[in-house]
Amino acid sequence: MSPVPLTLEGSSVLHQIFRFRWIAWRQLSLPERERVIDEAVELLESAEEGNGPPRPSQSALYSLIGHKGDLMMVHFRDTFEDLNQFELDLAQTDLYEYLEPTHSYVSVVELGLYESSAKTYAALAEKGLEPFTPAWDIEIKEVLARQSAAMAPRLYPAIPESKYLCFYPMDRRRGEQVNWYSVPMQDRQRMMHEHGLIGRRYADEVRQIISGSIGLDDWEWGVDLFAEDPVVFKKLIYEMRFDEVSAQYALFGKFYVGVRLKLSGLHHWLAGSLKPPPARI
Amino acid sequence: MSPVPLTLEGSSVLHQIFRFRWIAWRQLSLPERERVIDEAVELLESAEEGNGPPRPSQSALYSLIGHKGDLMMVHFRDTFEDLNQFELDLAQTDLYEYLEPTHSYVSVVELGLYESSAKTYAALAEKGLEPFTPAWDIEIKEVLARQSAAMAPRLYPAIPESKYLCFYPMDRRRGEQVNWYSVPMQDRQRMMHEHGLIGRRYADEVRQIISGSIGLDDWEWGVDLFAEDPVVFKKLIYEMRFDEVSAQYALFGKFYVGVRLKLSGLHHWLAGSLKPPPARI
Amino acid sequence: MSPVPLTLEGSSVLHQIFRFRWIAWRQLSLPERERVIDEAVELLESAEEGNGPPRPSQSALYSLIGHKGDLMMVHFRDTFEDLNQFELDLAQTDLYEYLEPTHSYVSVVELGLYESSAKTYAALAEKGLEPFTPAWDIEIKEVLARQSAAMAPRLYPAIPESKYLCFYPMDRRRGEQVNWYSVPMQDRQRMMHEHGLIGRRYADEVRQIISGSIGLDDWEWGVDLFAEDPVVFKKLIYEMRFDEVSAQYALFGKFYVGVRLKLSGLHHWLAGSLKPPPARI
Amino acid sequence: MSPVPLTLEGSSVLHQIFRFRWIAWRQLSLPERERVIDEAVELLESAEEGNGPPRPSQSALYSLIGHKGDLMMVHFRDTFEDLNQFELDLAQTDLYEYLEPTHSYVSVVELGLYESSAKTYAALAEKGLEPFTPAWDIEIKEVLARQSAAMAPRLYPAIPESKYLCFYPMDRRRGEQVNWYSVPMQDRQRMMHEHGLIGRRYADEVRQIISGSIGLDDWEWGVDLFAEDPVVFKKLIYEMRFDEVSAQYALFGKFYVGVRLKLSGLHHWLAGSLKPPPARI
Amino acid sequence: MSPVPLTLEGSSVLHQIFRFRWIAWRQLSLPERERVIDEAVELLESAEEGNGPPRPSQSALYSLIGHKGDLMMVHFRDTFEDLNQFELDLAQTDLYEYLEPTHSYVSVVELGLYESSAKTYAALAEKGLEPFTPAWDIEIKEVLARQSAAMAPRLYPAIPESKYLCFYPMDRRRGEQVNWYSVPMQDRQRMMHEHGLIGRRYADEVRQIISGSIGLDDWEWGVDLFAEDPVVFKKLIYEMRFDEVSAQYALFGKFYVGVRLKLSGLHHWLAGSLKPPPARI
């Protein structure tokens, strides 16, 4: 069995995707709509704001393009219970009557530690510690705690303010000949390193949050990309498609692209407009 | 034909997954809701309690995270008829009007006896008994009866009280090159042994119940993991993904993660809250 | 082109799977329910009884476990027109309003004649008859007629009274490397023979009816297993999964498991009970 | 690039598959049903009759067996616009309220000219004509025009009167190792020839119409088989499954089997009967 | 890692596919229909006309053949926000009540620059510029800007007036043995060149617009073909299926074929006719 890289886990994450029942919504009178919006905003505004650092625990809304959904909500929380409680809270609002759930994704923010895992395993081996012995476990726990503290802002991220979001889940291939989980650790580490170099070249244009979902949802990872220009999603992912780890080992699920919808714009959106009407003078 | 490992079978198991029709539910008056809940609780409370050992035959409820379902019920019973009767009973309650079945899984608790199968087959061969002869059959039946008695508590398990459940079905790969069912028994036994060692290291944090569903449902096995912290599901399954039997031979279905919902909390849940309101002084 | 084994065909078979609309049903008054049941029973009772030998042409009902369906009807008839007419008859009953079709399967009872095909082909070759010549065709027709007469009870079976049914469709694999239809006839014959030996060891516990559906439905064969104990389905199919023809060449569709529901029990079932209430003294 | 066989195209073809809303239909009064039927028959009867040779442009109805649909309509027309106009016409009838579209297939009648392509390409090469030069194009066009005229009755077929129809779409495999489109033309030609020989042996029992749908629908070809006995579909397709081109290169979609429903029988069918009631004396 | 070809991006593209709710529509009175149509036309007519060059930003309607949809709208816009705003605008019309979204596709017009990428990379290498250095980046940006300007009409296309449209998404294969993204750049360039030669032979009959959707939707590219005769779609795509890049590396999604529906014809279409009624004299 090839060594397993250490991972750090942070915020619990839920993506909720809804189709909006426009026809039913438009049958409401304007005062009824106001009431429904006010109630929803009450729930959503503290979620949008969150708690600030060190654990922002924010939510954000996106207006989706295409038939897969009209609205996406992305939630970062401290626990799965908190995520589940938000789902229940939303279901108690009158707005929920107009939200048809079409998809969702459950995960936790994850940082894979290929490089420090390799170093740590080597160092412990040099010390003569056998893997999974109590002494080894203690050392590993210390490494994880140290890294967790150092990387807290990335483990418990605030949601970037970028105009566009691209979300998709992915797997590492487990084929009959080409199987990520049978590749030696050293090769996986090298490929992940090269993969990271591409991302770094796009760092000015794209913010990325990786969450892990093995054992939690139907793919192994979820990827959220944030950018001002959606063409950058295409350029980045196209370029990555040629690097070894993606070309050989990446399998992709459905892609969702949306425009950030601040809660202050929810009124306009529910009246059919991405942008507020021009201010009257 | 490679030898077939002996298996022991215990409780019949049904997982029922429902979306909850919140919109219709919220149209009920509070007294109507009370009546519906009371009727459902009457059915469910004896099921939650079960019969105690040796055959607990319990049911449990989980509040699911994500759009695949809102509620999961897990039932352990003595027979498939008992499971089917529960389905019929539930369908006669008024609560059923608000439960939209989205998925289910049918299986029986199974213990695979790789190690004792190998020993038994070797011993019988040494005695000169040909497989499937009457004498051989009698000896096998005795082994199974002895093991069944010894493992009764694991074959007829009570449902752990843990806060979180992770359920998923899985297959052993039957690919054109990589095919579990063509691997020599000895290699399968070795891989299953190594696989078990990982599980053992997590034994303090995760309880696991394996049920078999070949011939009963669309995957070969169902896996239920019970833990206080859902991140442990991810860590355990990620680590296992690198062991040989999983890396090469495991195929996974959909993953369902839920928060345990005791029947005493059903009122709160149906009012939109995972937890009871704080007690008034 | 590898020789094609001869097959015999018997009854036309239709599996109908329905979800039952419990919510709508329960809105009927008891006298309305009685009327609906009486009308349905009138259609179904002659179907359940059938015509007796030599062509029983029976139907049977099963109460299904899990969300894939609540009721399964299995029909054996002389022709596809008869099956289609039954569908139309059922659609004219008021009970049909409560039956939501979720799946079906169309096939004909089939007996594959691997052994006698090999012998026949060899004998005709020895006589110097070229395949597909008129003389060869006549001899083949005679063999088929003789075998058909001899196997009539298996080609036109009555439906076993067993408590449980397991139904699933299957294919022989047509992979890029592993392809049943490119295997030499002799090897196919040997593998089918070994496969049959397992079935024979279970003959006391399981009755099996194979129907062919190439050109008729979306898989190549349908398998119906009848037994008193559903765990036997699992044991039999698990054991078969290791034999060569299944390990290498079998692909399986969805599995349906149900409890036999005699028409005399339909009243109880529609009132939510698998069994009649205990007789009053 | 391996040479591409020439093809001839004829009638545009649309298969429409509907589930019939029996419950809603049965809520109509008998006079309302009559009115609806009369209106539909007015549209359908000229379609059933068609225009006679040379371009019959007929439509036909089939009563389908199984849950995939209750009614199938097969339309042959001169253009795709004509097909689309028929869809629009049908949607304007009151009968359409009871027809739930579940599937469809769009294609054009196609004759593949493997043998004459090979000869033509060889002859043109011998003449020293380079492929795709203007001179070559002219010669090819002449060949196609000649063949089209000669095969007009097969390109613009009338719909056979047979009692049963079997429809299914299919692909040629484009696997990583086994790929029809990389096979040398000569081998494709040989395999298609052998494939045709099987069909010829069934010519008395089965009429076949092949239509091409590359670029038009989701599979590469559609196959319609017409016969008096549906078991012949199974026998023919089973036998073909062993020939090289099918064993190695054929992938199949869903199979639909129906009983021919002449328009004169539509009244009976809508009253739940495949056949007219016996005439009173 | 194999070099990545440069690409140019132009208009943002949305395909919207709807089933039309004929039954509900036909329940409207004629004046109500008029009102609904007038409102929709007001939105659609400026979209159909667009802005003229250099950025036409047009929309077009198609009447689809088959059950996958009744209407397709194709939109070219400057930004994803504009596309999303159109979706919102359409959802506010009363016509939207009769439009059931069944599919959509999100992409951007793309021109792949295999030939000039190769030349540019070679030239920069000769100059001694390392890939991804600032100097290299500047040169690449200049090449892209120059090409973008030169190809503006193809990057921001007007919608051809052709009678028929064929739309389908596609991927390059990423198999375990056959993997486009692991093929050397030079071979990819050669195969794309050969592929282009086929398209050029059809240039008189078919207009083609390629859009890229990596990171934007579930396939890698979308293909729109415009022609007067739909059989040409079949001929072109069949022929391409044999060229190396398609035979080995192309995977195809669903195909949609429609008849152009000018907005001036929407009245007729909504009354069930592709064509206006013949003018009265």
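So that you can tell them apart, the chains are marked A, B, C, D and E in the order they are listed, and the count of residues begins at 1 in each.
Here, a residue touches a chain if its C-beta (ideal position, glycine included) is under 8 Å from a C-beta of that chain, and two chains touch if they have at least 3 such contacts.
It should be emphasised that the depicted structure is a prediction, and the values quoted were computed from it without experimental measurement.
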TODO: For the Cα fit of chain C against chain D, please give the angle of the superposing rotation, nearest 5 degrees.
DONE: 70
TODO: Quick one: report the Å distance separating chain D from chain E, using the average Cα coordinate of each chain.
DONE: 29
Open item on the list: Nearest whole angstrom, what separates the Cα centre of chain A from the Cα centre of chain C?
Closed with: 47
TODO: Going through chain C residue by residue, note those that touch at least 2 other chains and give them in order.
DONE: 176-177
Task: Graph class of chain-chain contacts, one of line, ring, star, complete, other - done: ring
Open item on the list: Could you spell out the chains in ring order, with the walk beginning at chain B and its first step landing on chain C?
Closed with: B, C, D, E, A
Open item on the list: Applying the document's contact rule, which stretches of chain E touch chain D when the two form their complex?
Closed with: 20, 22-23, 26, 63-68, 70, 163-164, 166, 168, 173, 175-178, 194, 201, 225, 230-231, 233-239, 241-244, 246-248, 250, 254-255, 257, 259, 269, 271-275
Open item on the list: Applying the document's contact rule, which stretches of chain D touch chain E when the two form their complex?
Closed with: 1-4, 7, 9, 12, 14, 16-17, 80-81, 83-85, 87-89, 91-92, 96-97, 101-106, 108, 132, 174, 176-177, 179, 181-182, 212-218
